[in-house]
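By letter and in written order, the chains are A, B and C; residue numbering begins at 1 in each of them.
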Amino acid sequence: MNLAVLKTVKMYVGGAFIRSESGATAPFYKKGTKEEIARVCVASRKDFRNAVVAAKAGEKSWSTKTAYNRSQILYRMAEMSQGKQDELVNLLKDTMGMTPAAALKEVTAAIDTFVYYAGWCDKYQQVLGAVNPVAAPYHNFTSPEHMGVIVHIDSNSFSLAKLVDNICAILVGGNSVVSIVSPECSPVVTTLGEIFETSDLPPSVVNLLSGDYKSILSIISEHMEVKGISFQNEDKAEYYELRSKSVDNMKRIIPNKLDTRQSLDLVLDFVEQKTVWHPIGY
Amino acid sequence: MTKKKVIKKKATKKKVAKKASHKISKGMVFEYAPAPESTKVEILPKYGNFIGGKFVAPKSGKYMESRNPATGELITKIALSNASDIDSAVKAARKAYTETWSKLSGMDRGKYLFRIARIIQERSRELAILETMDGGKPIKESRDVDLPLVAQHFFYNAGWADKLDYVMPGKKVKSIGVCGQIIPWNFPLMMAAWKIAPALACGNTIVLKPAEQTSLTALRLAEICKEAGLPDGVVNIVTGAGETGAALVEHKGVNKIAFTGSTDIGKHIARTAGKTDKKLTMELGGKSANIIFADAAIDQAVDGVVNGIYFNQGHVCCAGSRLLVEESVKDIVLKKLQKRMKQIRVGNPLDKNTDLGAINSKEQFDKIKSLVKQGKTEGGEFWQAPCSLPTKGYFFAPCYFVDQSGSASISREEVFGPVLSITTFRTPEEAVIKANDTAYGLAAGVWSEKGSKIHKVAAGLRAGVIWANTYNKFDATSPFGGFKESGYGREGGRHGLLPYLEVR
Amino acid sequence: MFDVSIKVPGGDKITIPHFPIDMIASNERAKSFTTRSIKKDSKMDALLLATSMVDLTTLEGMDTPGKVKQLCGKAINPISPEIQQRMSKYDNFREVPKVAAICVYPSMVPYAAEALAGSGVQLASVATAFPAGQLPLDIKVADVKRAVKFGATEIDMVIDRGAFHCGKYQKVFDEIIKVKEACGDAHLKVILETGELKTYDKVRLASWLAMEAGADFIKTSTGKVSPAATMPVTHVMLQAIADYYDYSGKKIGMKPAGGIKTSKQAIHYLCMVNETLGPDWLTPDLFRFGASSLLNDLLKQVFKQVTGQYYYDDMFSLD
């Protein structure tokens, strides 16, 4: 008898692959079966808190990089995911029960998404910013800046490409992110983490947790260090709860935009616009 | 040397007098005689709401008093509206949205806005006087700052109405529907313009609730909309107090709430509206820092500090209420600041020479007094300009606290009055950290003649508007709005249209 | 720009501190005084005060003894007895003062001295190779000495802008020192010719240099270069005077010259002086207007204030 070794899919926080501090895990069954093929970590409140602390450190290193540098790092993610294409395809086949063609299509879409956003890093400022012709002798310009630590709550319905899309859109703006990957997607967390880890992205810029966001929804919404939330589920009650509970520090709560992918307005959602005035004179 | 004879002459030139015979040895005390603006504006004894293109009595049957804060005199009565008044207004706005406004071409919407802009320019004197009577701000500010900006906002946004495809490149945009807008008392008409102009340009219809203390110019704007032939129901103005605003926020027919005002009320609104799909923009409070480096143009920096905190009695969300001075120039800055503050003329807002008008309401007056009283118990030094104040009305002389700790009330709380907090710093990094040490992020000022330093510091400041070597400048083309707890969304410029559009 | 080190007579060194000025903010501050609204008694006070501050000027190639003598008459009696009499019937009649001074070229000084004798009106002469100043120092000094000798009680000198622009601040300073010596008891006004200095930083530096060198007044312009006096540049100089007073305790006078033609402008200048330097400076001892056509406009407004009637254009004589 060949007994399979069940792998525990680790989370990626602060540049390290970790288990939940609580030790909690959950079985992951191959899609549509009762066959347990892996164990995934279930992030605790404390894991979330630690991830935000890490992300705060990541914000500084990431937001101060040059746009060109950020662009290259996102492109590096595309390169690294290309190298892991087979691994990802197999993972999707094994865990999601996808056909080889469907899995390949999904992985290819994810890789393209990295490429798409890599190209935005050094351009979105030009498109989203402005030089404003004020009616007085002042140079006046508006440019988008990073917002801070953003929490991404992944969609319940599995899509690797959408997950990558959401994370990249947040990264383009210079933000750091804590993504709570949906149970459906959690088997890919480690592999995705490895892509970020090996792409020259400073540690802590992207932090990937797995588990059940519902149990920590109020912690997320009330965390004062979190400046914005990308909420990718369709549950209205949860969305309203997030919106109304996150008011203490006026978080920006961006709802799910189901059909929008590879789009600049997703970047726009997580930038702050700063306008600078300076007199023009001798 | 110090006691020089002013005119000296040689004794040989005997025919020339020693001194000019008209010499006024001590100089002349040049008192400025009162120069009151005339108050000849027509004001009705009471005003209803503007709903569906008509002025109608409130269903509530209730009215409230509108008083001049500089004199306490009753100006008129305005409707104290209830939820059913709001309901009528929202229905009128919905009808106008579906039947007319959303069907009009952008060009035609723009033409209406251009018309409104022109009428405002033509009636600006009347509007400025009314604004000053109603709110207590100096006539020179309502005349030279508020009104020009009001007209410019309509004029600027008018031109966008047929060019919305250029707002978000590569994307399609669409109007949102009925917008509920709630505005504060510090820049009554200007806030109305900032709200109404972009919303209309983007194809939305409006229910606007002005502040209860200052509704008169908004009602006058309703007349102007009518005069411009704006289709009925596109703009509806409903006056009232907190419950009126709450009814608007809670109304199911409203697609968007745009709010400018206090952080407390803003958060309350965000909580309420958060439980719905309503889109939100929020422009809340601030505790903005004005940073003076040793290499600044000191005289202009001092003017900027004065303009930053004492403009409009300090009733400015982006007021530069915290002054951070590089320690090496603290003494000269304070010396010049005191000298400059002594020149501020506090008094009748309708007098053209008044620099600092009346505090907007008794409530605000009491709040300022109590914060200053508390501030005096929290260490540091207090200085107030020695100026004579009118005996009637609510007036507060400009003042500052120096060297209080960063945790003192005056350093952290939005006073919304002519009260400045001054502390020192040593390095640029320290200045940025101190400036960012606030829950707010609306604005900041930086004063230095070194360009690279300006840019580095501006990049580090977490605020939506950075005034470098200037302060409190506004323009219809320039986006305004905050980071952090100062709110979200921008007003002005291309960015000011986005909150009134759905991007697809 | 940097601090400038200057050697003073006796060998000591002084520092003229670099003091940057932001042009736009400074202009805005200056403009703020133009919204001051001066009415009723204040207006009357201001008009009469401004009249007493006029340096009534003629600086033309075609100046003649006749012209200068007539202008001196105007300086002593700005308003004709006939008009004066008409005005005196009104309750709020106020005596119109003499102007502060007559300002003429050195060659006209003897004629002016004669005409002004005993009047109390000062006699100012532009010297030092006015307006360009592009002559050797000995000639400039001789120019000054001659003017003083013939009766000038005030000397309006020009600085060497060429030297200033090429950084020879010591030369500029030394010239002022020499001219001041040549003045003797005569009052020295130092013309910076701000229209040629262009930037406010340079205006500030030149102002301080002149004050340290012994100027009794600093003056904006010759009137031969455009722009001449403007409120913004005068404001920069007023602030320099304020700071110099804080630093040294010396009250230096200010004279904007050229371009001030209306009473309204003059009143705005007075508001600016009042709010920048304070009422101590609201005296002809410390503030002057270098002007010619301004005087008649002031008189017209005085007439209007006293009588309530509007004037006719030719009511007040040319000179």
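Note that in this section contacts are C-beta pairs under 8 Å (C-beta built on N, C-alpha and C of every residue); 3 or more make two chains touch, one makes a residue touch a chain.
Note that this is a predicted model, so its numbers are computed, not measured.
Visitor: What's the contact topology between the chains, one of line, ring, star, complete, other?
Guide: If you draw each chain as a dot and join those that touch, every dot ends up joined to every other.
Visitor: Nearest chain to the global Cα centroid?
Guide: B
Visitor: Where's the contact count highest, between which chains?
Guide: Going pair by pair, the biggest contact count turns up for B-C.
Visitor: Between subunit A and subunit B, what's the gap in Å when you average each chain's C-alpha atoms?
Guide: Here the centre of subunit B sits 38 Å away from the centre of subunit A.
Visitor: Counting in whole Å, what is the centre-to-centre distance of subunit A and subunit C, each centre being its mean C-alpha position?
Guide: Whole-Å distance between the two chain centres: 70.
Visitor: Counting only residues that touch at least two other chains, what does the list for subunit B look like?
Guide: In subunit B, the residues touching two or more other chains are 469-470.
Visitor: Among the residues of subunit C, pick out those that touch two or more other chains and give their numbers.
Guide: 22, 24-25 - these are the residues of subunit C that touch more than one other chain.
Visitor: Which parts of subunit A, given as residue numbers and ranges, touch two or more other chains?
Guide: Within subunit A, the residues that touch at least two other chains are 138, 279.
Visitor: What part of subunit A is in contact with subunit C in the complex they form?
Guide: It comes out as residues 137-138, 279-282.
Visitor: What residues of subunit A sit close enough to touch subunit B in their complex?
Guide: It is residues 127, 130, 132-136, 138, 140, 142, 147, 227, 236, 240, 243-250, 252-253, 263-265, 268, 272-279 of subunit A that touch subunit B.
Visitor: For the complex, which residues does subunit B have touching subunit A?
Guide: So the residues of subunit B in touch with subunit A come to 152, 168-171, 266-267, 270-272, 274-277, 282, 284, 439, 454, 458, 463-470, 473, 475, 477-481, 483-488, 490, 493-495, 498, 503.
Visitor: Could you list, by residue number, the parts of subunit C that touch subunit A in their complex?
Guide: Per the touch definition, subunit C meets subunit A at residues 22-25, 27, 198-201.
Visitor: Under the definition above, what is the set of subunit C residues touching subunit B in their complex?
Guide: So the residues of subunit C in touch with subunit B come to 19-22, 24-26, 28-29, 35-43, 45-46, 49, 52, 97-98, 100-101, 113-114, 116-123, 148, 151, 153-154, 184-187, 216, 239, 246, 248-250, 253, 270-271, 274-275, 278-286.
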